[in-house]
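Okay, got some structures for you below.
What follows is subunit A paired twice: with subunit B in the first complex and subunit C in the second.
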Partner chain A sequence: MASSLRGVARVQPNSKTLEEARSRTFDFFKKACRSLPTVMDIYNLHDVVTVSQLRSSIAAQIRKNINVTNPKVIDMLVFKGIEELTNIVDHAKQRHHVIGQYVLGPEGLDKDLGMQDQGSSHFLKRFYETNYF
Partner chain B sequence: MTPALRLAILRHIRLPSRASELYQPISALWFPLNGRRRDLSSHGGYHLAREEVADRVLAVVKSFPKLDPSKVTTDSHFQKDLGLDSLDNVELVMALEEEFKLEIPDMEADKIESCSLAIEYIFNHPMSG
Partner chain C sequence: MSFLRALRRVHPLIRANFSNSRVTSRWISSTPDLHNPEAAAAAVPEPEFRPRTPVGGARIEIQNPDDSVEVFVDGYPVKLPKGMTVMQACELAGVDIPRFCYHSRLSIAGNCRMCLVEVEKSPKPVASCAMPVAPGMKIKTDTPIAKKAREGVMEFLLMNHPLDCPICDQGGECDLQDQSMVFGSDRGRFTEMKRSVVDKNLGPLVKTVMTRCIQCTRCVRFASEVAGVQDLGMLGRGSGEEIGTYVEKLMTSELSGNVIDICPVGALTSKPFAFKARNWELKGTESIDVTDAVGSNIRIDSRGPEVMRILPRLNEDINEEWISDKTRFCYDGLKRQRLNDPMIRDHDGKFKPVTWRDALAIVAEVAHGVNPDEIVGIAGQLSDAESMIALKDFLNRMGSNNVMCEGNGLNPQADIRSSFLLNSNIAGLENADLFLIVGSQPRVEAPLVNARIQKTVRATQAKVAYIGPPANFNYDHEHIGTGPQTLLDIAEGRHPFCSAILSAKKPAIIVGAGLFGRKDKDAIVAAVETISKLGGVTRPGWNGLNYLLLNAAQASALDLGLVSSPDVIRSAKFVYLMGADDANLDDLPKDAFVLYQGHHGDRGVYRANVIFPSSAFSEKEGTYENTEGCAQWTIPAVPTVGDSRDDWKIVRALSEVAGVRLPYDSLMAVRARLSRVAPNLLNVDARERSTISEELRPEFKQKLSMAPFGAAVENFYMTDSITRSSKIMAQCSSTLLKK
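Then we have the complex of A and B:
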C-alpha cells in the first residue's frame, strides 16, 4: 500500500483546467477511502471509529475548501492531502495524532460537554475557539 | 419352517437406510458453513440475488448521515432527489464498494448516480459479495 501511494506522490504537472483539478480531488478522495481499512488496522481504530465516519471526516476536510476555484491552489491542496495520507499509511504518525485530527476534530474533547466555562461571557468562549468571527 | 420363513421375510423387507443422512465428513465439524457445500471459486456458482442487492444498497444509502432515510427509494437520484453534491456521491459509491467488497473503476463510478443504477451495476458485477 505504501509503495503504491509513493508512486502517486510524485509531483504531477499542474492541472490545465478546473475540471482536471476536480477529478484529481475525487481520485485522491477515492484513494484515501480505499486505504481506510489499512489505516484502521495500523492504528487499531476499530473500537473508536468506523470506516464510514472516517470517510465523512475526509469528505468534510475536502468540503472546507469547496470555494477554491484556482486549479493551481486545488492541486496544492490535493498534494498536501496525498502527503498526509502517505504519512498516515506509512505509519509515520501515532494513534493519538489520527484520533485527535480525524476522530475528535479540531475542537477536541471540549465540544461535547457544554458544561465548562459557564460563567464566562460569550465573547470569551468564542475567543478560545477562534479569533475569526 | 420358521428359519425358512425368516429368511424369506428378510430377503424381501427393505428398510430405508438412514446411515447416509447421519454421516457427515469430518471436515464438517470444523468447517464454519456447517457441512454445506461451498464453491471455492470466488466467481460463478453463488451469486447475489437481486432483492438482496437492492436491500443492501438501500440500507447503505439510508445510513448516509446527510440525507433523510424516508426519502430513499429504489428510483431516487442521489443529486436530484436526495440533495447530495458530487463529493457526497463519490462518498456513497465508496460506501457501496466497502459493503460489497468491490473496487469500482473511475469510469463506472462516475456513472452511478442513483439507487437503481447502483443496484444494476452491483447485481451485474461478478465479484460482488
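Then we have the complex of A and C:
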C-alpha cells in the first residue's frame, strides 16, 4: 500500500490550462538541451554530430506534435519525452540507438540521397526500397 | 470375422482368470449396445432419402444402363456400374469408410481389414474395398457389427504399433492416429512386449522406422505398379512379416519420395524433414514445380521465411498425385548459395556489394556504350514468362533482337506451336498403344511423363521402341537404334518397326528436346515427320507427334518468341544472363561485359561482371508453361532473400535507368502485355490445342549427320541452379547414381 502510494504521489497533477502545459514543454526542452553535452560525452558522438544538430532534432520531434491542444495529451507526450531523456542520460541506451534515432532519423542513410531520385518514376523509387509493392 | 469369434472364445477365459480382480471391469465396450446387436439394429430409425454429397467429390458415369446395379448403403439407394466395389458405392452414398491398405491408384490388396462393413445375408462382415457390388446388396456401415469389427481391427493393429506419436514425424497427419481416435477403443488388452523390426536403409531420402509399419503393402504396390521398380517386397509370414528390400540395396527410383505420402503411418517418412517441424505449424502454398518441364502441382510448406518441405497436389492431367524426388527434395537448395546483394566485380576479381542505385547505373552506362546488335539476352531455364517478356521488350528497346532461352538450340521453330509441344497431352499418352521414343530418356528428363508411359504399358501392354544411347527404362522396351540411321531406315520403310507403327491404332512419337541442340535438328525433325505421315501418327482426333521439353521456361520462351540463335554470342559485347547458368559462353569475346541476374551463385556467376540478385520460384508470382502447353502460376510462399527483387521488376527498373522505360509498373500490366504476345499464357490451367498445319512448315534441306544421339540429362538430381546447390540432391547423386 505504501509503495503504491509512493508511486502515485510522485506524478505531477495534470496541467490545468494549455498555458501550464506549454510551459512544461519548454521546461522539458531546456532540460534536454542542458543534458546534451553529457549525452555527447557518454555516447561519444563528437565525430558524428554537433550539439546544435541534436538540439534541432529534439525541437523537430516536439514540433511534430504542434497540432495537439489537449493539455492532458501534451502532459502525456512530455512525460514520454522525459522518460526517453532519462533513458538516454542514464546510459540505458546504446550508441547506435541514439545515432539511429536522432542523428540519421527514420529515413536512415538514404535521406541525403533523395536528390538523386528526382525525376524517376514512383516504380523506381519503390524498387530501391523494397521488393513488395 | 474369425478373429471376432476368437475374441469371444477368449473372453470368458479372461473373465475366469481375473474374476476376482478388478480387471473384469476392463472388458472393452465403447458402446453398450455392442453386446446386443439385434436390439440395436431394430432401433435404427427409418432411413431418409435426402441426396447426399459423395466423399471427396466422387462421381461416376454410367455408360451402359444395362450393366448397372442398384445397391443400398444404409438404406440409401445408389446406382453404379457392375464390377465396382462396395467401398466405391459407399463413397457415392457419402459414407467415408476407414481404410489403410486401399489406395485408389494402386491395386487392391485387401489385407488390412479396416474397411469391414456389414452386408445383409452375408455370414460375416466383408472387406468393402475388395468386394464387388451385387444387385440389391444391402450394405450397412453403421451397425454395431461393423463398429465392433473396426474396433477389433484397430486393437490388433495397435497391438504391435509403438507408442511413438510424440516423436513421430507423421504425428498430426497419420491415418492410424486419426482412425484410432474415431474407431478405436479407449484401452488395449495386450500386456506382452510389442514386436520390433530392424529399420531398413532405403537411401538418403526415405527414413524408415519399420516397427511402426502396419503391413498395408501400399509401398510395395506403389514401387512395383507406379514407380516400376521391384525394389520393395514383403518378407516373412504372420507376426514376422516385414517390408524390405530383400538384399542390402537402396530404393533406386526417381519417384521414391512418394512412398512417404502413401504410407498411412510413420514407417516411411522424409529423411531430410525428420524432426524439423510439425505439420500443423506449416503454412501451405499451392504452387508449381519448375525443376522440369512437366509443371507438377505442388504445395510448398513453409514456416516463417523457410521452405520446410514440398508435397504433391492432385492434378489428374499432369502429375496425378505423385512428384519426382527432385521436385520434392530440392528445397534445401533454396537456402544455400543465395545471392542477396547487387554486386560488382572489382579490379582484383572479387565481388563487392553495392546499392541497387549504383549497380543499375553502371549496367545502364555499359549497355549504352556498345552497339545495339552486340547486346545479347539469355533467359535461364527457370525464368517465368513475365520476366522473359520484360527482357525481350527491354532488349528490343535497346535496339537488339538477340534474345534467346537456353536449351532451345539453334534456330528454334516457334511459329507453329505443335512443333514444340507434347501434343497428345500427358494424360492423353494413356490412350496410345505404341510409343517411339527418339533421343529422349523420359525417366530422367520428365519422370512423371515416364510414369504415364509406364502406366500405359502396364495397363495395355503398349509397345515401346527407343532410339538413343543406352538408357534405363522401367518398363519393357525395344532398343532399336542409337542414332539418325535408324530414323532414316524407318522413314524409308526398311526397318522391321514400320509394320508395328502401321498396325498401331494410336501411335505416339516422343522426340526429346535434347536433340534441339544438334546442328542437324531440322533434318531430324523432317525425318520424324516423314515417319509420322507414314504411320498416320497425326490423324483427326489424335495427334501423337510429341516433343518432350526439358526446362520449365522453354515452352513459354518459344511462345514469346525468344528465338535468336546462340551464334550471336560470338560477337557479343554485353550479355544479359537472366538466370542462365547452362548457356555455353566459351565463344564469348574476352572483353565482353556479363550481367548475371539470378538467385543462386551458380555457373553463371563465374564469368559475371555485375550480379543482380533475384527471387526464386518459391518467392515470386510467375507464369510457367509446361511441356504440353498448359500455363500455370507459382504463388509466393516465403519472402525474398536479402535485397533481391523479382526478375521482371529488375528489368523494368534497369530499363528506366537506361532511359528506355518499359510501360508496365505492376504484375497486372505485365500480364496485359503478355496477353498481346501470347494470350494462351493467361489461360491458366487450360491447354490451348495447337493446330496441325503441316503445309505451313518451311521445307528443310539439311543433311542428316550420322552422329548418334546423346543423353540430354547427365545427372537427374542436379539439373539447374537450385538443385545444384542442394545438399540432399548432392547426396542422392553420390549414392544413387554410383555406377
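Quick note on the criterion: the second predicted complex is superposed on the first by the 104 of 133 C-alpha atoms of A that agree within 3 Å, B and C clash if a C-alpha of one lies under 4 Å from a C-alpha of the other, contacts with A are read in each partner's own complex, and residues count from 1 in each chain.
Definition applied: a contact is a pair of C-beta atoms (placed from the backbone, for glycine too) under 8 Å apart; a residue touches a chain by one contact, two chains touch by 3 or more.
What you see is a predicted model, and the numbers here were worked out from it, not measured in a lab.
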Inset, instruction - Would you sort A:His46 into first (subunit B), second (subunit C), both or neither based on which partner it touches? - result: neither
Inset, instruction - May I ask you to decide whether A:Phe29 touches subunit B, subunit C, both, or neither, giving the answer as first, second, both or neither? - result: first
Inset, instruction - For A:Lys80, decide between first (touching subunit B), second (touching subunit C), both and neither. - result: neither
Inset, instruction - Give one of first, second, both or neither to describe whether A:Phe127 is in contact with subunit B, with subunit C, with both, or with none. - result: second
Legend entry - Broader residue contact with subunit A after superposition on the shared chain, subunit B or subunit C: B
Inset, instruction - Go through the superposed model and pick first if A:Arg63 touches only subunit B, second if only subunit C, both, or neither. - result: first
Legend entry - Doubly contacted residues of subunit A, that is, touched by subunit B and again by subunit C: none
Inset, instruction - Please name which positions on subunit A make contact with subunit C in the complex. - result: 113, 116, 120-124, 127-128, 131
Inset, instruction - Spell out the part of subunit C that touches subunit A in their complex, as residue ranges. - result: 355-357, 615, 640, 644-646, 649, 652-653, 656-657, 661, 665
Inset, instruction - Within their complex, state which residues of subunit A touch subunit B. - result: 26-27, 29-30, 33-34, 37, 51-52, 55-56, 59, 62-63, 66
Legend entry - Complex contact set, residues of subunit B against subunit A: 63, 65, 86-88, 90-91, 94-95, 97-98, 103, 106, 109
